[in-house]
Amino acid sequence: MLRATLAAAAVLFAIQGATAEENIVIGLSTPLSGSVAALGQHENWGASLAAKEINEAGGINGKQIQVEAQDNQCNPTQGITSVENLLEKNPIAVIGALCSSVTLAVMPVMERAERPLMVGVATSPIITEQAGVGGNQWTFRINPSDAGLAVALGKYLADKGSIKTIAFVGEDTDYGRGGHSAMAEALKGTGIEIVSADFYKQGTPDFTTVLTRIKTAKPDAVALYATGVDELGFIRQYRGMNIDSLLSGRVSLDELLPVIQAGALEDASSVYPYAVELDTPENKAFVEKFKATYGELPNNQSFQGYESIRVLADALKRSKELTPAALRNALKGTDMTSVTGGTIKFDDHNQAHNLALIMKVKDGVIVIETTSGT
Amino acid sequence: MSVSTPFSTSSDAGVQPRLTWPLVVLSLAGLILLPSIWPSSYVVNVLILAFIFAILATGLNLIFGYTGLLSFGQVGFFGLGAYLYALLTMDGGVSPWLSILLAGIGSGFVALLLGYPALRVSRASFVIVTLSVTLLAALLARNWVEITRGPMGIPRLPAPSIDLLGLGTFSGHDPHVFYYIALAIAVASIGAIYLLVNSPIGRVLRAINLDEPLAASQGISPKKYQIAAFAVAGILSGIAGSLHVSHLGIVDPSIFDPYYSEMLLIIVIVGGPGSFWMVVVSSLVFMAIPELLRMAPELRMVLFGMVLVLAAMLFPTGVGGYFEQRKLAMWRRSLRS
Amino acid sequence: MEFFIQLVINGLMLGMVYALIAIGLSLIFGVLEIVNFAHGHFYMLGATVLAALVTSAGIGFFPSLVIATVAVGVVGYLVYVVLLRHFREGEFDRGIILTIGIGMVLQNGVAYLFGSSSRMVDTSLSFVSWDVAGFFVDAQRTVAVLVGAVAIAALYAVLTFTRIGKAMRAFAQNREAAFIVGIRPAVIAGIAVAIGIALAGLAGAALAPVFAVHPAMGAPILFKVFAIIIIGGLGSLPGALVASLLIGVTESVVGGYSSVALQDAVAFMLMIVVLLAFPAGLFGKGIRV
Amino acid sequence: MTAILTTHGLCKNYRGIKAVQDADLSVARGGITGLIGPNGSGKSTTIDCITGFTRPSSGKVSYDGQDITGSPSYGLAGIGLVRTFQNVRVYERLSVMDNLIVASQSLRAHGWLPLMLRSTAVKADEKAIMQEALSFLELVGMAHYAGAPAGILSYGQRKLVALAACLITHPKLIVLDEPLAGVNPTIIRKISGLIETLNEQGLTFLIVEHNVDFIMRHCDHVIVMEQGKKLTEGKPEDVRRDERVLEAYLGKRVGLETKGTAYA
């Protein structure tokens, strides 16, 4: 039985080995099943779209980019297996792994394999702490960290002047918890106080209790750090309860268009690394193509997947030879313009500082209030 | 009738084909040599996972297959062991090897404490209580941030290393070294359970599973044995969990992923509850299958769901049970003639 | 005080939702002695069918509610006829393994066919709420609670006044007793399973406009309901109802005064306490009305 | 003869139904005591109370000078009190030999580690038990089935194995719950003979049985129960002549036919 399995595996590897000869393989480890599969799917779509564009424009020195996606279920175990599997295909770099815990588990594997890991979505500050100077030389991150985004949002809210108290609601994951500590840090000295912090379990259907508390406490604003299903559920019930507090935080306004058009989220604000509404020619083209190809609007994940490939391609073009080590050196020298119009340049900790966008709902449409560096 | 009748005294030996031992030795030799023949670290990694699941599945087999209690707490103890390992090594400064041992003992101890309320009422409530324990443990891991660091998890965990005098130290962070560590611990813990289930204690466990009132009338305290078996299965899960995160290098609440519970159940059901080696083989096979079937993950899970439905409908005793059925048929034939 | 009363109102409304699911689960356990691990996924199926009918087919909310409930009930009956019927008494573990398998097929099948992203169902009541004597009452939720109350009352009537209902109760007490009523046990069990599963589907459908609809929505609520039926006493329908309301209110109050994280743990901790104090649950076994 | 087992004022209520009321029973050491009565008269509940399978609502059970009221069933085999079950129970998936080895008490005295590692003492013990088991199997005529799984045996054969499994616990008192029900005449003779032989060797029996012929022939004392109460007791021939007993059986039987459907 075991022998048969191994034989089958051997055949599988042989096939994979053959395809890897001609193209430049870039691995992608992201959740394609499980509760955040939709996010992973978008990252995959974004990356594939970028690869397609680059290949159509002639590829890298005549070679085609091939994106190999593997499911990591947002679980470190599957994360490591997926990356080990990708490494069998001899990728020049791997993009991943959407979830912070998976990314942290995968970093040493990539370090051992001596290939660059491009982080596009995971927000944990520990990733940056461990990368670059005195740490993991192979990890690069293009998305702004929680801290950068929170500072931008804190500054915006403070400038408004009308907000003095904030109730924080976040999912009990690195995203919500990390968001909370970043917000708390960013709001220090701004005169804004976080009066309560609630962390709910992912997949919680009912938010009545916390909303009742907020309705009673009447904070000036609610900072929400939720994703996907929960965000939609929360906002629905938030609006259903006619709560007067302003909605803010990291609200993916783009995915709430029906609610926004219904006028239910007027004056809500949000900080995000990306927005469909961003008015740059590159973004307009990206949104257009993405929608034409996949039938959905891009989101932050698709943007980061797209951008990850662009950054890698840019470095590959500058790279002296097509080896992971040369690619890493080229990445260090990256200085390119992002789709957002910001600049991508890695610091000592291999962290790039793209823009933070503050968005606001005005008259049933999303407008970008300010953009700032992170 | 002479005393030398070749009746089976160990319940397992008679059921399994006679080739069992040579096969076990051969497979073991194969596993020891494998990394030198096929040094792919991907394959090594999949096998490490298979060893860890074999330990976990053997634990579930002990409590479900032999003792007859369907437990959904195994993944809870797996996670508990994982967190104990992380806290002991990172906060307690305990060495990795000792931490694995302590994680096993700690998980077993918690199982011992939970065994009583869980077994208090009925088998139905045992199932639900053990399931809730896993859910509660996950909640705790996420929300008791001061201790568990919450959803951020605890990264940079050390791995046990092997110190061969004169040859230097081999770090377990190298998958090829860890492979042998995992193999050794798997052989030791699975071997210990093999001895247990084939000892008179194992016979008593099977007896309780088959007919609890009869066992009680013969002076066997079913609860005592069931709780003890639950604790031993807890130890195994704890060891598997600590081993697992020492390899991953990070522990976070996803260690309680229901996916593990589902996989674990499939491994034991298809292998055959109460069939020792079939469950071990099944762990290896089912850890390889997802790697070979890396197509549409949802479809794969639909497929696994169907496997469970089919197994429950057609082969409730799994592959291992098939051998037993054949043996029974043989007996019936021989008695008729 | 006002805050407390509001929390109790919220809790009772939440409890009614739990009750719909818990009563169906308890009914199936009472009749077949099977803990239905797929029950939450039938709840998800009800919500998914309703979402498809309302958003894609453009059918109104109430007709869709009926169609979704009947559809899920039919699926439940088929599950009984094709699978559960072949089980003998005492095959408890097989029942669990089977229903886990069914649940995996349902959840991942829906995710494969419709995608795993969440959907919202909008009705004319979506953002309507009432102010009743200073307390907030959500319109859509009130509809769900009323639908639930009607369904529970109807079930009570069926179990009390109809021949098949009486047969179900007799059957839960003593399998052979069902023969006296002159209805074949397989028919009784089949109808009980269909009703139980239809109730889960109804709960899902009624709540689709309140909660987000997605393939994984069944598991968390199912686990909570497991704790509820243990607290109420396995197989006891009044127990399921009372325990549901109890958990709903306790969760709401605990969440209101301490933390939401603790709110999720309430049901499980209460269950362990009940098991230690009243091993047979608050109401013991038996489909009694 | 002294009593090995006595009950005083034994009562058992189930949800308001009085299954056993105020039963004072006594089983003489070295004798064969029969416990008879119509269906639903509380015989099974009585022996369940005696053997620890249900807790009496009130009253006292004494065995061999010890108060065993409410002690768990598993505590009794060790002091020599064992039972069989109405619908015979054996471990179907264990071999006949293993059925006996499990029942045997002596292996359980060893610690878990010696048992797991099969120390020399355990091995020696196991060997001795196997010898002993074989001798009991020979006694009941089932030795040639020693290696067979108990699940393939006929109903009657299972009863024989169950009896052998009782014997290997070295009991003083065996409580047999309908040992002859549903068994063919050959095995009835076999079991009757065995009970007789074992009784001669000093074993005490308490037997619930409907087979009047057996009771009359083998019991030296008969207790009759009706509606949860002790109706009468005495020597078989005296009980047989007792009008009340006849009435109880006949009257109950008539009642059973009308009422029977409610419980059937």
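Assorted remarks:
Letters A, B, C and D mark the chains in the order given here, with residues in each chain numbered from 1 onward.
Just so it is clear, a residue touches a chain if its C-beta (ideal position, glycine included) is under 8 Å from a C-beta of that chain, and two chains touch if they have at least 3 such contacts.
Here the structure is a predicted model, which means the values were calculated and not measured.
Within the contact network of the assembly, the step distance from chain A to chain D comes to 2. Here B is the chain whose Cα centre lies closest to the centre of all protein Cα atoms. Chain B and chain C have centres, each the mean of its CA atoms, that are 33 Å apart. Note on chain placement: the centre of chain A and the centre of chain C lie 37 Å apart, centres being C-alpha means.
One simple way to say how far apart two chains are is to compare their mean CA positions; for chain B and chain D this gives 40 Å.
Centre-to-centre, using mean CA coordinates, chain C is 46 Å away from chain D.
For chain C, residues touching at least two other chains, in rising order: 108, 111, 116, 219, 259, 261, 264.
Residue positions 139, 142-143, 298, 301 of chain B are each in touch with at least two other chains. Those residues of chain C whose C-beta lies close enough to touch chain B in the complex are 29, 33, 35, 83, 86, 91-98, 100-109, 111-112, 116, 219, 223, 226-227, 230, 234, 259, 261-262, 264-265, 268-269, 271-272, 275-276, 279-280. Of all the residues in chain D, the ones that touch chain B in their complex are 51-53, 72-78, 82-83, 85, 89-98, 101-103, 105, 107-108, 110, 112, 115-118, 122, 126, 130-131, 134, 138, 143-144, 146-149, 151-152, 165, 169. By the touch criterion given at the top, residues 1, 3, 5-9, 11, 14, 192, 195-196, 199-201, 203-204, 206-207, 210-211, 213-222, 324, 327-328, 331-332, 335 of chain B touch chain D in their complex. Put simply, chain C touches chain A in their complex at residues 2-3, 6-7, 10, 13-14, 108, 111, 115-118, 120, 122, 126-127, 129, 136, 138, 140-141, 207, 210-212, 214, 216-217, 219-221, 251-252, 255-256, 259-261, 263-264.
The part of chain B that touches chain A in the complex is made up of residues 27, 30, 38, 40-43, 45-46, 49, 139, 142-143, 145, 150-153, 155-156, 173-174, 244, 247-250, 252, 254, 257, 259, 281, 284-285, 288-289, 291-292, 294, 297-298, 301.
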